[in-house]
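Please read the structure below before turning to the comments.
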Amino acid sequence: MRLSGRAVDALRVIRFEPMVNKYAEGSCLVHFGDTKVLVTATVEEKVPPFLRNTGKGWVTAEYGMLPRATHSRTDREAAKGKQQGRTVEIQRLIGRSLRAVVDMQKLGERQIRVDADVIQADGGTRTASITGGYVALWLALQKLVATRDLAEHPITRAVAAISCGLVDGEAVLDLDYDEDSRAEADANFVLAEGGGIVEVQATAEADPFSPTQFRRLVELAEIGTARLFELQKEAIIAAMEGRPDLATPPPLSPE
Amino acid sequence: MRLSGRAVDALRVIRFEPMVNKYAEGSCLVHFGDTKVLVTATVEEKVPPFLRNTGKGWVTAEYGMLPRATHSRTDREAAKGKQQGRTVEIQRLIGRSLRAVVDMQKLGERQIRVDADVIQADGGTRTASITGGYVALWLALQKLVATRDLAEHPITRAVAAISCGLVDGEAVLDLDYDEDSRAEADANFVLAEGGGIVEVQATAEADPFSPTQFRRLVELAEIGTARLFELQKEAIIAAMEGRPDLATPPPLSPE
Amino acid sequence: MRLSGRAVDALRVIRFEPMVNKYAEGSCLVHFGDTKVLVTATVEEKVPPFLRNTGKGWVTAEYGMLPRATHSRTDREAAKGKQQGRTVEIQRLIGRSLRAVVDMQKLGERQIRVDADVIQADGGTRTASITGGYVALWLALQKLVATRDLAEHPITRAVAAISCGLVDGEAVLDLDYDEDSRAEADANFVLAEGGGIVEVQATAEADPFSPTQFRRLVELAEIGTARLFELQKEAIIAAMEGRPDLATPPPLSPE
Amino acid sequence: MRLSGRAVDALRVIRFEPMVNKYAEGSCLVHFGDTKVLVTATVEEKVPPFLRNTGKGWVTAEYGMLPRATHSRTDREAAKGKQQGRTVEIQRLIGRSLRAVVDMQKLGERQIRVDADVIQADGGTRTASITGGYVALWLALQKLVATRDLAEHPITRAVAAISCGLVDGEAVLDLDYDEDSRAEADANFVLAEGGGIVEVQATAEADPFSPTQFRRLVELAEIGTARLFELQKEAIIAAMEGRPDLATPPPLSPE
Amino acid sequence: MRLSGRAVDALRVIRFEPMVNKYAEGSCLVHFGDTKVLVTATVEEKVPPFLRNTGKGWVTAEYGMLPRATHSRTDREAAKGKQQGRTVEIQRLIGRSLRAVVDMQKLGERQIRVDADVIQADGGTRTASITGGYVALWLALQKLVATRDLAEHPITRAVAAISCGLVDGEAVLDLDYDEDSRAEADANFVLAEGGGIVEVQATAEADPFSPTQFRRLVELAEIGTARLFELQKEAIIAAMEGRPDLATPPPLSPE
Amino acid sequence: MRLSGRAVDALRVIRFEPMVNKYAEGSCLVHFGDTKVLVTATVEEKVPPFLRNTGKGWVTAEYGMLPRATHSRTDREAAKGKQQGRTVEIQRLIGRSLRAVVDMQKLGERQIRVDADVIQADGGTRTASITGGYVALWLALQKLVATRDLAEHPITRAVAAISCGLVDGEAVLDLDYDEDSRAEADANFVLAEGGGIVEVQATAEADPFSPTQFRRLVELAEIGTARLFELQKEAIIAAMEGRPDLATPPPLSPE
């Protein structure tokens, strides 16, 4: 058993607080145990230059961390004048993962900008950002449906992410910071609902690991994301209740 | 009466959530109405170069804003590679204000770094940062007292800040964003408990204002901070309850 | 009496040298004792994006300091690749102060860019920049009147700035560097001709100061700026003499 | 069959030119078809701060691309003043991959800095950098063995990298730029000799792909790297011939 | 005689490898002894703002050095976020030198961007960049002639550059790094075919040198560049052979 | 004759105002016609890393230009966050030129930092900076002699700089901005007293120029600097008069 008492295939306590931000079109404060990430989705009525006049939209992401989100304080990137390599890697991953489940033709020439800001970090901030980011993105797009700016919701399937790793030789799901620090291998999986793989990033922290071990990590990720897909759905349903501004309008009657 | 229904000398709903951050020595999530600022205080066992070997400590502050803390999204300073002039001004103000109530000799050669990050902005983020920053700072210093790293708590008096302004010709207290946008004059007051002035910044947004009008703003600030000092005290007391790690140890018995 | 021999309410020797720069539309080398600031005002026939097609103009300011303007050499900001927080604060203050006395509608869609560069610093560089900046700005605008690019001079009233402070417990006017270093409180006042307040920035350097002490500082600022308004006027008149390129043209005769 | 005429599991023409640089301790110009990367390995007798006084060494990497390495010119990162996100990601991957096969205790407190500069890019620059970087690193370390600065060669096993992808629904090995642009999925594998996985990065460019398809990519990577390990060995042997400065000295005789 | 065995007026082994880059319109890998510079010339169908709608073109240059081009490793400018003063000086010199031999009217509104990247540095990298840059530029322009985008080749005369210096009191041609390090004076000459001077930069590294010594350096430069003009021509002829895409088309027949 | 009425070998009105800055160890405001440069020399008791523990000193220079020193306003480099290529070139030239006449052994382990700031630019700012910089440097070093921090004045000979050029086919001395803009060739000469060449930078702005024309430019430079050496001497003598703090102390009597 794990130090935390969790079973090897158990997630931490996962909680979604959708629509927590007063201004953003979509938002979600997501908890993976003590990891807390505030994700907002902002609708912008213009696209990057390479998409102008193509009729297609875009989803992009930025990632940040409050200085004291971490055990010892991390220098503020704005004060240092540049983003760390790690930050850049993570925000590129979030953007790719969310783009994979959006029909850009249906989205039309607009951009959704997803901001994931880590309020508290205890391992798995990138997977929480993607998983919560999906909820914020879904809600922002639903707002466009509600206002008839979109005829159809452009999301094609759900996406969620989870980390797995080898700790003391054993494959475990959803590592917290202590486990992550001691892991021999560390993998992040982004899976689509229905079982497809969107992205895999696996790294041996010590010795190389075997293809067999790697397959076990894939299985754990499938278990973990299956549960995340359920929780995402519940969060979205909860967010819609009592929010007439998010309700899908009836179809336009033919004239 | 004001658009919000508040009396001219009424604060918004003020709420302090002390010790919300798992890692920081001191922290406080402060609400001034819909304005929410997360402040953390980090103890560092080294001082800036100009204070080395002086036996004196330092308090410094950094300020940031989540991109979607605002009505329309603000570009991320880390991505742009530099802090805006407004950010720099505010963090310098926070630092000066908190330093004004700390006995640097008693603090000894260590630095307290205060991070104020705006989660949601609806006017008054700098005054909320100072007022909540005081609570976070007090608690971080108390932790040093509890561990006997400090013999005495080095804070000399409480400090709090509030904005006042002239809106439609009338002096009002604690402006929200809508009032601030329409104000003819805008002033931020940092006052110490007992009535002393720590800092005043007043600006005419339209025509110059008169010394008489200015005196009325000073009076409102005194009313507002009097209430903030009470609330700060309650928050600190609440934070201490049931937290043995913050309890002041008994004096060392003479040998 | 003060170390310098000045009375508590006496300015240093103030001198304006208007139109010293060969190229700028308006310029003024201003001396506040040993503090010397060269201010130029440049007319630009375009405005910032937020003012396009509004018919309104803008005034903006930049501030700099030669490396050896100060007692010990200050690193060159261009070489360090960024402006200090202090620089940014000061140039924002200069811009706000000058904008307060310009009728932007009358100015029309053009921008005046005021550059204040400190040649030698002995305290009060920001107040000298505003006070001399007013002269440079007035002259640049007069040039537009002389060429009939402006129908009316768009300045609504004079503006001047002065520092006051508490030194050894006494309120004094126009601090030099030595006094500033020892001051218990330091305040900068920007006042408009006629007595209105444009901006106040007051800071306790040591203990908080009382509202009574603060009122005394306001009175000193009123005495000091009254004298500055006279000197500004003399400087402008002197600059106009013998400069036909600055003469206001006769009104257009009706056809 | 592929557009290039290659079988699905065939590598492009791979060529290593070891020790091409006059100054570097180790170097290798590696060709993967028309992709050419010059890799140098520099020995530095100091380690990053976090390793000081630990007795352990470090391997780090930097990656760059000449502006006209690409079909259309890419802006020079030095001129733009920052490295792109893609650059940062790749250099972090190269560093991790090479560190995975070095015994840092045996290396001792020194750092090897690997520079991979793309002279011409036709797909697979990161895998070429790792694969050629291994050769440059091995040779630089051998130089330390030859001078008796190292008692033992600290590399524990070979490492090589190759890309695989799904193109027109078919899994293929070692994609060139044209294939890469059309791929539905793109994966980079870093494998250690003996079959262990060091790093996997797989991304769906269009629809998510299935675990079965992914397993096929893993198999192709194993085929490709098996061949790369042979070629690396040949290159190292060729480099050693006739280079007495790289010869391992006889063991020290006991006294 | 010189350490290298060369006569005082002898060049090192000079070699041009034209059209080595798969993508660039023109390219040349030039060797001056162990100094190797890869130069590419890129045709861009737009000009800098100051030339828009003038009918004239532009030639600009950028210069870089691989980190381990030098004896000890040089930090990567992209990683440091800025170009060194030396880099900026050299790229400005390359640009000016090549512009001096191009008829901008004949070039028309397009820009040629020349990238000179030092693969290995053993003295004289700027002179090699100009001399090889001429070849790359000539070939890129010939490509425009071949496609009838240009009616006439816009180069007016050849240009080449060489360094001379005073080493142990003797004037010598084409210094390598060892000579350069010991030189009492160091001069770079850019000469046009036919004997005109395009640019001279001469610096006393120790004591000032005499006008007589300087005249001797000019003579050596004339000897050296005379040989370089021959070699450039041979390289261009070799590059044209068997490259139908570079052949000048027959004149358009009158209709 | 020239547009300005000057003879081809005549300098503009040259004026030195030594010791104009209250704080710097040495300073000089130098006028070359309407070009005005304020140069200060600052003594620092530490040297760059490469000179530590060598017993040798260093002289370095920085160059800047006030935004409205020029006919149309130049953007402030501090605000843009980087120095232009032109700035970097000029400050490197000033530093090299002044170092050429200082005995670094006699200077000892200290650095003199020369700041040249252009107050008004009308051509020749770099030559004015060097020529006036010599005066400021000489005076700063004399101050060290006066305080017995230096046993001997470490300057070995005077240095001065002047521009020459070909304007309308004629060689002329000391170009102003209008001449410089129309020049076919532009050369800057840094000469040492006694006739030695310290630095030459000559550029053809249009067609290449001939060695004969170039020799004429050298002759003019010799004429111009001969006059500058006289004026520098007069300025230094004037500065010393009535300044006991600059007087050379009597030799120490033997004990």
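Going in written order, the chains are labelled A, B, C, D, E and F, and every chain counts its residues from 1.
By definition in this document, contacts are C-beta pairs under 8 Å (C-beta built on N, C-alpha and C of every residue); 3 or more make two chains touch, one makes a residue touch a chain.
Bear in mind that the values here come from a model prediction, so they are computed numbers and not experimental data.
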item	value
Length of the shortest touching-chain route, subunit A through to subunit D	1
Repeat of interface B-C, chosen from C-F, A-D or D-E - more than half of residue-number contact pairs shared	A-D
Same-residue or different-residue interface between subunit D and subunit E, half as cut-off	same
Whole-Å gap between the CA centroids of subunit A and subunit B	33
Between subunit D and subunit C, distance of the C-alpha-averaged centres to the nearest whole Å	61
Contacts with 2+ other chains: residues of subunit C	81-82
Arrangement of touching chains [line / ring / star / complete / other]	ring
Chain order around the ring, beginning at subunit E and proceeding next to subunit F	E, F, C, B, A, D
Residue numbers on subunit F that touch subunit E, as the complex places them	82, 85, 88-89, 91-92, 96, 100, 157, 187, 191-192, 194-204, 207-211, 214, 218
Subunit C residues touching subunit F - in the complex, by the definition given at the top	21-24, 27, 34, 38, 40, 42, 44, 62, 64, 66-73, 76-79, 81-83, 87, 113, 115, 117, 119-120, 122
